[in-house]
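Notes follow once the structure below has been shown.
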Amino acid sequence: MAAGLSATQTGPGDSTAGAAPVRRGNFPAAGILLLGLVVPLGLLTAWTVAALLGHLPEQILPPPWIVLDTLLDGIQDGSLLSSTMTSLERVAEGFAAGAAVGLVFGTAVGLSKTLREFVDPLFLALSQVPTLGWMPIVILIVGIDEGLKIIVIGWSAFIPVVLNTSQGVRDVPEAYVELGRVLSFSRWSKLTMIVLPSAVPSIFTGLREGLANGWQTLVAVELIASFEGLGYLMAYGRQLFQLELVLSAMIVVGLIGLVIHGLLTLAENRLQRWRPETSR
Amino acid sequence: MSLITIAGRERLSHTAPIGPPPSPFLGRHLRPLAVPIALLAIWELLAHAGVADPRFLPPLEEVVARGVAEFSRGGLAFNLLASLERDLIGFVCGSVAGIALGLAIGFSRLLERLLGPVLLVHRQIALFAWVPLISMWFGGGEAGKVVFIALAAFQPALINTWQGVSGIPRSYRELAEVLTFGWFDFARIIAIPGALPQIFTGLHSALIYAWTATVGAELLLNIAPGIGGRMNEGQHLFHMDLLLLCILLLGGVGVVFNVIAGSLEHRLLRWRIP
Amino acid sequence: MTGPVAISEQGRGQSHALEIADVSKRFSVAGRRVQALSHIRLAVDDGEFVSIVGASGCGKSTLLRLVLGLDTDYDGDIRVDGHRVERPGLDRSIVFQEHRLLPWLNVEANVAAALRQSGLGAAERGELVRDHLHLVGLDQFAKAYPAQLSGGMAQRVAIARALVTKPRFLLLDEPLGALDALTRLRLQDELQRIVRHEGTTAVLVTHDVDEAVYLGDRIVIMHPHPGRIATILPVTDAVSRDRSDPNFIRLRDEVLSWLGVSRTGIDADAELARRSA
């Protein structure tokens, strides 16, 4: 099962954080997966050969085995693991806060036209400011402690969650809304039986984008203002011109990204079992 | 964009009430202004009541005065232009490369299978994780910044183009076969027009990503003229008014980009609207 | 049918089960006013089965929506037991023109959704759902999702959902329109059996004149622009429920000619003009 990779795209306009596009039909079998390994293996070989022949200056690209050594060292002495844990914790906290508030706020804004009229323009304007732009101000106000990270990561996750949730809630087909009325649903039933399930694809797009944003922001904030974490490790490696440190941290960042992606896809597929298998 | 669809939906809805809604709280067109004005008023009150530290909460008139001074001397305007120039160069390079590669992958099954997995993994690496590497490869100066911005624009342009082309319904592909289209006709008559909406979505995201990356590059890489540079200055000298002004500019540029992209999209894709 | 005296007395004293009294409904479409319904008068008694036929766009669905209480912005009155309908209620259920099953719920849960406001316990609900799925012959598909059903099966689930609350009024908006001829015939019998069995009062909108005659106690024929009732034909006992009976065919032809379709194809328009004059 290649469930982790063959996410069906659901959200409209999901452009940057969702799954990779997937061809119609089933995900390629083993032979085709092997084809996907050709390029990475080729690059790795070229890198190794170039390093062996001494064509690659270490400041540009250290040999692969050194990167591997650094990676293993980091795992063994626990430094890489503890950095990873710190980073993951920050993302988890920031994302959880931002997404939770975003879900509630997005649902409220989606349900109430009046609320929307009051807050939509302001929210849209605020969301146009790149998250990093807020960082200097937040640093001045709360300092560079954990608070900064939670706030900035939370905010970056909050925006897409709000936008997608409210859109999803607004786009509930009128036919289903009517059905809720015909069945005399209470407000709560309408919300849980009709509005939210129908908004699930949008909400997921929002969560996906929110998590991706949070992860991006984490790296940025750790590069700028931190003394631990993967981003800090990279900044440190850059200062010491230890490219192998930078690269091994990048590998971890990429791996975590992949895992997150896989988990989200799994959760999404679970929540949307009702979708016809041949959708697309 | 969303507002238009909502209006359309409500017009069709069976239950749209006729006449004014019961007891409207504040006029419809005033509502968007209510919250910002209230917030600014509270701000002004707090600033003048001496409750808040003026270093954190400068009175609004100070921010305005700062803005007037900056712009009359041309300082901030110059910085803004420097940022915009960097942004646009990176955006153009990145999105052109992204669209080109996206089309290639979308058309060629072989290329898709060769490069798809690599690109999928590449995409999972947080954008800012490239900063240290880029700064070592290209330096922290102008070149490094533009490369980083281009990388930011590259990803959404690539992914959406790829998605757009490979998402063309099978029935259209079959139609092309029935009409015995060659590769070129297929691209020109079916694939590119079919993928265009998604390509635009990609460009739109690329524009936003490039702007984020511009700010990031200016904050993270060498200090240079630009809004990010001024923000660094504001942070170090504790000039809250300058920081707020910069935020305003960042948001303003974002809004303008969005409006331009939205209206271009609307205009160029008019044939899609039923 | 009881005599006219009984009805008018009932009308004064106790009133009809469902009474549509001089109902008109306008829409404004792109700035223009469209008269969807004009002075509709119809009284339905308990246990009656009323069929409504009429050209597309003559306001049949609109009328059902008003009876449901989905839309209360109209002229005239719609009363159940003399009380004006203000909002939807579980006493009136509908099978929509499209099945409108919630795609994220499986068959069982879709039917059970109708019982959320019923105040019944979980066990009772489960039993009701099972019974009604059995009634429409879908016990095997309780766990299936709507996307995994055929059109006819989905429509049967919708019928089960409409019946599970044991509604007093069952409104049917072309419930069998999307089905193949064979399934339709089977479901017509099924529907008749169920409605008689539960003593439900039914209003059926259909394009199929055979179906209207076969199922209805009365046939309401509507004309468009503006949507209005052209006539109401009783289905007398003389018309046995046998589709090839001469009486059946005669009534069907009469309905058809009211709809502007004549068997011979000539002077249908003249006939129509004469009748609506």
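Just so it is clear, A, B and C label the chains in written order, and each chain counts residues from 1 on its own.
Basically, a contact is a pair of C-beta atoms (placed from the backbone, for glycine too) under 8 Å apart; a residue touches a chain by one contact, two chains touch by 3 or more.
As the structure is a computational prediction, the values presented were derived from the model and not from experiment.
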Of all other chains, the one whose Cα centre sits farthest from subunit B: C
Chain pair, most C-beta pairs within the contact cut-off: A-B
Separation of subunit A from subunit C, taking each centre as the mean of its C-alpha atoms, in whole Å: 50
Cα-centroid distance, subunit A relative to subunit B, in whole angstrom: 17
For subunit A, residues that touch 2 or more chains besides their own: 178
Subunit C residues counted as touching two or more neighbouring chains: 70
Touching two or more other chains - residues of subunit B: 14
Subunit B to subunit A touching residues, read off their complex: 2, 5-6, 9, 12-14, 25, 28, 31-32, 34-36, 39, 56, 109-110, 112-133, 135-137, 155-156, 159-160, 162-163, 166-167, 170, 201-202, 204-205, 209, 211-212, 214-216, 219-220, 227, 231-232, 234-235, 238, 240, 243-244, 246-247, 250-251, 254-255, 258
Touching residues on subunit A, where the partner in the complex is subunit B: 5, 9, 13, 15-16, 20-24, 28, 32-33, 35-40, 59-60, 114, 117-122, 124-126, 128-137, 139-141, 167, 170-171, 174, 178, 212, 215-220, 223-224, 230-231, 234-235, 237-238, 241, 243, 246-247, 249-250, 253-254, 256-258, 260-261, 280
Subunit C contact footprint on subunit A (complex, rising order): 175-176, 178-179, 181-186, 189, 193-194, 197-198, 200, 272-276
Contact footprint of subunit A on subunit C as seen in their complex: 68, 70, 87-90, 93-94, 96, 98, 100, 102-106, 113-114, 116-117, 145-148
